[in-house]
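In this document, chain identifiers A, B, C, D, E and F correspond to the written order of the chains, with residue numbering beginning at 1 in each.
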Amino acid sequence: MTDRYRRGIDIAEQLAADKLAHFVESGVAEVAPDFARMVIEFAFGDIYAREGLDLRSRELIAIAALAASGQAGPQLRVHVATAEKSGISKREVVEVLMQIALYSGFPTALNALASCHDLLTDHDCVPGTCG
Amino acid sequence: MTDRYRRGIDIAEQLAADKLAHFVESGVAEVAPDFARMVIEFAFGDIYAREGLDLRSRELIAIAALAASGQAGPQLRVHVATAEKSGISKREVVEVLMQIALYSGFPTALNALASCHDLLTDHDCVPGTCG
Amino acid sequence: MTDRYRRGIDIAEQLAADKLAHFVESGVAEVAPDFARMVIEFAFGDIYAREGLDLRSRELIAIAALAASGQAGPQLRVHVATAEKSGISKREVVEVLMQIALYSGFPTALNALASCHDLLTDHDCVPGTCG
Amino acid sequence: MTDRYRRGIDIAEQLAADKLAHFVESGVAEVAPDFARMVIEFAFGDIYAREGLDLRSRELIAIAALAASGQAGPQLRVHVATAEKSGISKREVVEVLMQIALYSGFPTALNALASCHDLLTDHDCVPGTCG
Amino acid sequence: MTDRYRRGIDIAEQLAADKLAHFVESGVAEVAPDFARMVIEFAFGDIYAREGLDLRSRELIAIAALAASGQAGPQLRVHVATAEKSGISKREVVEVLMQIALYSGFPTALNALASCHDLLTDHDCVPGTCG
Amino acid sequence: MTDRYRRGIDIAEQLAADKLAHFVESGVAEVAPDFARMVIEFAFGDIYAREGLDLRSRELIAIAALAASGQAGPQLRVHVATAEKSGISKREVVEVLMQIALYSGFPTALNALASCHDLLTDHDCVPGTCG
C-alpha cells in the first residue's frame, strides 16, 4: 500500500466514509482493481491532498465540473450527497446547479437538479414549513 | 408574476399545455422553484417569443440541438412529443434525427431514434399500410 | 463516379458552388481523397437528397447542430455563409444562434456569433440605418 | 440490396452474427428503416471494409472512441461484447477503458467500466483463481 | 433599461469594469444587440445577483465549469483574468485547472493551463524568487 | 524524482524524445510544474507502462480518443507526429481519423484530418508517385 493510497483513502473517508470509497471500488474493483486504486491515489492522494485550495472549494469545483459535463451522473450524486461534510449546504448545491445553466445550457442544469432531487430535498421538515 | 413569465407560460402551453409546463416544473420545482420560473421566462418568454423566426423553425432547431448534444434525452422527448403542434410531422422528425448522424455521429443519432421510438411510431394505422 | 457522388455534388453546388465543395475537398482531399468523396456521397448524396424535409429545414438543422456542438467552427461558417441560398436570412441565422444558448449555454452561443460575425453583418447598408 | 449493404452485413455478421445486426436494426428499423440500412452500408460496407487497417485495430478504435465520448453506452456494450471475435481479450478491453481516463477523465472511464462490468467478468473460472 | 440589466451591469462592472462588459458586447453586440443585453440580464442580473452563494464561490464555479467544457476559451480567460477581484489567487486558479483533469481528462486541463498561461504568470517578481 | 516519473520519462522519450516531453512541460511547466510532473507520472509512468496492451495498441487508442473528443488538437498532433515510432504508418493514421466520423460525426473527423494535414503528407516522394 503506497503513501499516495493511504493519504487518498484518508481524504475519501473524511469526505464520506461510506459512500465515496464504496462507489469508487464497487463494480469497477472486480474487473479493474488497479484502476480503483489509481483513482484513490491520484484523485484524493495527489490532487485533493494538495495545499493551495481548501476542501470546500475543491468540492464546489467537483460539483460544478461534474454537472457541467452532463455525463457524470453517478459521480455528481456522490459529491452532492457528501457536500455538507465540506460545509456546503443543500441550498448552495442548488445554486451551483442553477449557475451551470449559464455554461452548459438549461437541459444539463435541469437534468442535474432532477437526478439529485432526492438528495436536495430536506427530509427533516414538513414541506412548506422550512426555508 | 412577471410579463416574461406570463408570456412564457402562454407559449409553453400553446406548444403543449400538458407536457412542457409539467416537465419543466416537476421535480425541479420542488428543490429549485426560482429556476423552474427562470426557464419559462427566458426560454419561452424571452427567446421563443421573439419575432424573426417562426415556431416551426424554432422547434426544428430545438430538436436538432437537443439531439446533437446527445445528453438531453428528457428534453428531446418533450419536443418530439409536441412537434406536430408546430406543424412538424413524425416523418420530418425522423429526417431530423437521421441528419444529426452527419454532425454528431451514428451512436448519437441511433440513440435519439431509439429513445423516441414510441413517439415516432404511428399507432393509428396498421404497419406497412400508411405512408 | 457513383450516382451518389453525382447527386451529392449537384446538391453541394446548388448550396454553394464555390464554398461547400471547395471546403470539403481542400486539405482533406490530399491526405484522404476517399473520405472527401464519402462526405459528398453520404452527406449530400444520401441524406440531403432525401425527400421528406425541404432544403431550408435541412440548413436550419445543420446550423443548429453545428453551433450546438461548439467544435465545428469551419463547418458552421460554411453553412452560415450559404444560408441565404436556402432562403434563410441573416436575421434568422442570428435567431438560431441565440436560441442555441438555451441548449448549449451562453459561451457556445456567444462564440458561434463571434466566429460568424463578419458573415452576419450587412455590408450593404450604413450601420444603424437598416433594420 | 446494394453491394455496400451486402459487404456491410458480411462484416457485421463476422463480428457478431447475432448482436451487431440485431442492435442496429431493432427499434430503429421500425421508425427509420433507411437509416438502419445506411448504418450497415456506411459503417461496415464503406469504412470497416477498407484495407489499410486490420479488424483488431478497427475494434480497438471503436471501443476507444465510443468510451471516450461518454454517451454511446449501447454501442460500447456491443463492441465490448464482440471484441474477442477480433482477437481482443477481456483484459485488453479493461486496459483500453483505463487508458480513456487520461483523455476523458475518471468519471467517463469509471462509467464505461461499470456499464460493461458483466461483459468483462470471466464467468468461466472461480474469482481469484484465473489470471 | 430593465432593472435586471442595471443590476447585471453593476455586478459585471464590479467583477471587471473593463473586461467583462467589453467582452460580452464586443462583436456580438453589433450582430445581436438583444443577446448581449440578455446575457448581462440573465447571467449577472438574475443568477449572479442571487443570494445563497458568495461571489468567490460563483467565480470558482464559473472557472471550473468553463474549463471542464473545453470549448469556452474566451470566457475562461475573462474569468481567470478577473478572479483576483473575487478573492481567488493565481495559485488557486492553477489548482482549479489541475483538478479539472480528474473530471475532463489531461488534454482539457493542459489546454486550459496553456491558454491562460500569461494570466497566471506573476509578473511582479523575478522568476524563481517568489512562491 | 519518483520511480513513476523516471519510468514515465523513459516511455515518453521512447515515443518521442523531443516532442512529447517538450510538449507536456512547455508553457504548463512554468505555471504548474507539479502538474507537468503528474502527467508524466500518471499517463506514462502508470498507464502506458502497464503490461496487458502493446505500445502500438496504446497509440491507436490515444489517437482515436483524442480525435473523437474534438477538442484536444495539440495532443492529437503530438501523437500523430510520433505514431510511426509505435509502428503506425501515416496511411493507418488516416484510416483511424476517417473511422472517427462514425462515432463523432463528419466535422470532427474533417477537422482532425485538416489539423494534422502537414503531418500526414509524405514529403519523401513526389505527389502521385508513391502509394
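Throughout what follows, a contact is a pair of C-beta atoms (placed from the backbone, for glycine too) under 8 Å apart; a residue touches a chain by one contact, two chains touch by 3 or more.
The structure presented is a predicted model; accordingly, all values stated were derived computationally and were not measured.
Enquirer: Chains in contact with subunit C and with subunit D: which ones?
Expert: Looking at subunit D and subunit C together, the chains touching each of them are A, B, E, F.
Enquirer: Count of steps on the shortest touching-chain route from subunit D to subunit F?
Expert: 1
Enquirer: Tally the contacting C-beta pairs at the A-B interface and at the B-C interface, and name the larger one.
Expert: B-C
Enquirer: Can you name the chain that lies farthest from subunit C, using the mean of each chain's Cα atoms as its centre?
Expert: If we average the C-alpha coordinates per chain, A ends up farthest from subunit C.
Enquirer: Among the chains, which has its CA centre at the largest distance from subunit E's?
Expert: With centres defined by C-alpha atoms, farthest from subunit E sits D.
Enquirer: Between subunit D and subunit A, is it the same set of residue numbers doing the touching on each side, over half shared, or a different set?
Expert: different
Enquirer: Can you compute the centre-to-centre distance for subunit E and subunit F, using the mean CA position of each chain? Integer Å is fine.
Expert: Centre-to-centre distance between subunit E and subunit F: 31 Å.
Enquirer: How far is the middle of subunit A from the middle of subunit C, if each middle is the mean of its Cα atoms, in Å?
Expert: One centre to the other, that is 40 Å.
Enquirer: What are the residue numbers in subunit B that touch two or more other chains?
Expert: Residues 34, 38, 42-43, 50, 66, 69, 71-72, 75, 94, 98, 101-108.
Enquirer: Please give the residue numbers of subunit C that touch subunit E in the complex, ascending.
Expert: Against subunit E, subunit C makes touches at 70-71, 94, 97-98, 101, 105-111, 113-114, 117, 120-121, 127.
Enquirer: Can you list the residues on subunit B that touch subunit F in the complex?
Expert: 101-108
Enquirer: For the complex, which residues does subunit F have touching subunit A?
Expert: Interface residues on subunit F, with respect to subunit A: 34, 38, 42, 46, 50.
Enquirer: Touching residues of subunit B toward subunit C in the complex: what are they?
Expert: My answer: residues 42-43, 47, 50, 52-53, 57-58, 60-62, 64-69, 72, 75, 91-92, 94-96, 98-104.
Enquirer: In the complex of these two chains, what residues of subunit F are touching subunit E?
Expert: Those residues of subunit F that touch subunit E are 24, 27-28, 30-32, 34-35, 38-39, 42-43, 66, 69, 71-72, 74-75.
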